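We call the chains A, B, C and D, going by the order they appear; numbering starts again at 1 in every chain.
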Amino acid sequence: MAKVMNTADAYVDELLDGLILTDPRLTRDGRAVTLAKGGRDGVAIVSGGGSGHFPLFVGYTAPGFIDGCAVGDVFAGPSVASCEATIRAADKGQGVLLLYGNYGGDRMNFDMAAEMVDLDGIRCETVLGTDDIASGSPEEAAKRRGVAGLVLLYKIAGAAADRGDDLDAVAATTRDAAAHTRSIGMATSACTIPGAAGPSFELGKGEMELGMGIHGEPGIWRDTLRSADDLADEMIQRLLADPVPAPTKRVALMLNSLGATPLEELLILYRRAAAKLKEQGIDVVLPAVGHFATSMEMGGLSMSMMYLDDAREALLRAPSDCRYWKV
Amino acid sequence: MAKVMNTADAYVDELLDGLILTDPRLTRDGRAVTLAKGGRDGVAIVSGGGSGHFPLFVGYTAPGFIDGCAVGDVFAGPSVASCEATIRAADKGQGVLLLYGNYGGDRMNFDMAAEMVDLDGIRCETVLGTDDIASGSPEEAAKRRGVAGLVLLYKIAGAAADRGDDLDAVAATTRDAAAHTRSIGMATSACTIPGAAGPSFELGKGEMELGMGIHGEPGIWRDTLRSADDLADEMIQRLLADPVPAPTKRVALMLNSLGATPLEELLILYRRAAAKLKEQGIDVVLPAVGHFATSMEMGGLSMSMMYLDDAREALLRAPSDCRYWKV
Amino acid sequence: MGLTVSALNAAIDRAAAAAREAEAELNAADARMGDGDTGVTVRRLFDALAGAKPEDRDLGDAFAALARTCSGATGSSLGTLVTVAMMTLAKPLKGKEELPWAELSDHLADVRDRMLARGGAELGDKTMVDMLDAIVTATRGIDDPARLGQVAMDAASETLAAFRDRPNRIGRARMFADRTVGQDDPGMLALHRLLTATVATEASDA
Amino acid sequence: MGLTVSALNAAIDRAAAAAREAEAELNAADARMGDGDTGVTVRRLFDALAGAKPEDRDLGDAFAALARTCSGATGSSLGTLVTVAMMTLAKPLKGKEELPWAELSDHLADVRDRMLARGGAELGDKTMVDMLDAIVTATRGIDDPARLGQVAMDAASETLAAFRDRPNRIGRARMFADRTVGQDDPGMLALHRLLTATVATEASDA
């Protein structure tokens, strides 16, 4: 599929130019994007990650969500310099929560940036998105990668900061929410990094793969043509089987298109997933179906589930104003 | 690309089941979906069209937008029976604006339905979306098809009805807005109708086509790999060259992904399009970048432009609550 | 002898089988100038009609029931034109159990006129209505069902051939009318295939 | 004789050329177990370094400047580990215009330790740090630059071969470690290719 772009090397900078033009609340200093207008005064939430997952990460730089985002090349982490610049720009003197996906490069970069700003007295806490159950066994849960569930964590952290919680409290609330969030994805077709000759993997016509990573990392199984109901059943079963500290009977359920898969098909899957949860006595109180965390034109979807108590439900329902979040 | 579905024949009904589950404000009677809670009391706005374009059409059944939607099979119009049922369910005694895209089948069906409900004293007015400039010359503007620009018309009509305008006034305002709305699309890859063996057309790797219809109808030219800037220039030039009654220097600009094309690439294109408009002294006051009217997993995008005066700008900015509309 | 509900039902079954067989061919024909769905449209429509065959002996009621089924089963242009046809036939045949073959042509003329009024096409635009028009003219006054069927089929085949090298003038196809030259109109092709099957039924029933 | 800024600059140019050449190979190696971008990462990184070659004669300042360039140029794990390397070298070399070749191994040992601390990998996980570790050990005390280069290259080649049939133990690759058996680690492969080019530079500069 042809890319609508100019050059591969200009891809990220040009898309950020476009983003800033569509949202006058944002400012940009190179690869550091911050919410200049309409943001909160308290604890700042900063995220970052590779491009190619829009609206994740930078699209959530919005009231009620994150205050700043460090932007990497397509499928690469943000540079140390952009992490540092974003933290400095977002900080309001109340400390900064670094909230991003658990990828090796990103961790190193944010850690280095945090050490640098620490020299100037800016305090950072880190919470990692580790929701992808296909990227590690329950015993290795801390090594798991972050996928679309991170968006739910943005909302939690943003609402906690909005109500005036201090850095430790925001971090604790978000960490607890992360411990109650699980995702699993499946892919039906690959995507191509701008400038690359072709996709870095290929799925045959009518093939699908469960558990594939958002950069195309191999998954749990590859098979031909399973029905939507069959997929929904397996995804729900795997999510529910994964242990969490204190599971509740109320969940937020996010069905996310990785790009090419139409929302119609997410709705078909949603229908069955909600019914399966109901069978287990679990209610979906916050359904979200859309493009929240993509892999460019990749086909497929992810299902994310956050177990809710009253506190988390209230935070997810708190007012916000992000054009890529509407549930 | 594998479809996430059960059977082709169940595709539409199952997606509607899912839709209703994600939005408790909606009710469904077969292929007639209506806003049961939170709707307006005055003039009802009813639309309809084929499936496979989500969130168009049925996704806009929401406060501030349409009151009901008749849903067809994928890429087929809604049946006469579903048009009639939707009109009857949506009507609040103040008359119904039928607002849909100018496709032969849809017109016949809505016209027949309108004649039937007329027997029971339900008054209907019709306004057609005819924004696709590639589907007819300016002299044949009335024969042009409706594409993503219809979403902007929903917003105009909904806001006019919300402020209490009567049917004639809502129709006149919407008709005038339609006369000021123009779109052009381009495709980079095809899509497959559920159950079909493959896509009904093929674009080669790295090929793109300007002016292709949302069902894959052939376009103006097919070419290999043009740059985003080049495309933006041509699209803007073609849109501006198309005559409208009273062009203004303020526009709403919608960049819509047909499905697979990532929003990143829309933002790259947006950057140049906004600059081109600025060169002509035209300001974009309402940018919209997202998946508004798709063709399942088709690659490509459309650009829609509505010339704004104060009245239209106010209507587009009026409050609404649709999860697929956020600008 | 004339058209009865039982002959109609047999014809619908034949048409439904023919529609299943022609699905891919009709989709392909439509893909060349439209949205590629004529085959699936026709197949679903006739599946629905075959699944709801009227039990009434009154031809008018039967056509009204078929019109209701059509109106709920499809939203395509072709399907809606079939609905128009059924509605058009329902009114004058109300109360009749048999329609003399010799009168069929006049009723089809009404159908053609209603289709043109509803769809906004004109004769010569290269649509299924052009084929219907040719059938109306060719079959006028014929009361032998076997001959009527043969004449209708010949008219359909000739129309298909005669229009093949003319441009389509309605819908999206008119935008690249040149490219439709040499191609069969999918609606005409559908009517031709269904007619072939239906005429076979009538002949064997006659 | 020892490492100077001008030798460093020449090495960077050679490495940048090597990175361009190896881009596709490294991407392909990464595609088998990671996200397929090691080649583009390394190419962009060394393009940036080559475009910002330090002018200073002070090795410490030179490495600090390179660290700054790195830190802004890439966000990949590999790139950040290179940043860590530059930062690690900057401090002890501050104020020196030449680093005796015999001392290089000790400095690289510091680099290795900082990389392990920052990245959280362990020796044996099959990363580029394993290769660096082998180089550190093999080159200890060697002060002839030609021999040092040859020994480093041999160590790199041997490490590549020795680890090829072992499983990767970090990042996503550990999830399907079995499938990484028989495959070169992309970071090791990158280091090997860059070293080959760099050693050639040093040899010709020596």
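As a convention for this text, a residue touches a chain if its C-beta (ideal position, glycine included) is under 8 Å from a C-beta of that chain, and two chains touch if they have at least 3 such contacts.
Please read these numbers as outputs of a predicted model, since none were measured by experiment.
Chain centres computed from CA atoms place D at the largest separation from subunit B.
Distance between chain centres (mean CA atoms), subunit A to subunit B: 29 Å.
Centre-to-centre separation between subunit B and subunit D, using Cα means, comes to 54 Å.
Rounded to whole angstrom, the centroid-to-centroid distance between subunit A and subunit D, based on C-alpha atoms, equals 32 Å.
For subunit B, residues touching at least two other chains: there are none. If the chains shown are joined wherever they touch, the resulting network is a simple chain of contacts running from one end to the other without closing. Pairwise chain contacts in this structure: A-B, A-D, B-C.
Those residues of subunit B whose C-beta lies close enough to touch subunit A in the complex are 1-6, 11, 14-19, 21-22, 51-52, 54-55, 59, 188-189, 203, 205-208, 224-225, 227-229, 231, 259-271, 274, 284, 287, 289-291, 294, 296-297, 299, 301, 322-324, 326-327.
On the side of subunit A, the complex with subunit D involves touching residues 9, 30, 50, 70, 72-73, 75-82, 84, 104-109, 111-112, 134-136, 143, 145, 193, 195-197, 200-201, 213, 215-218. Listed in rising order, the residues of subunit D touching subunit A in the complex are 24, 27, 31, 34-37, 40-41, 44, 68, 70-81, 83-84, 118-120, 170-172, 174-176, 179.
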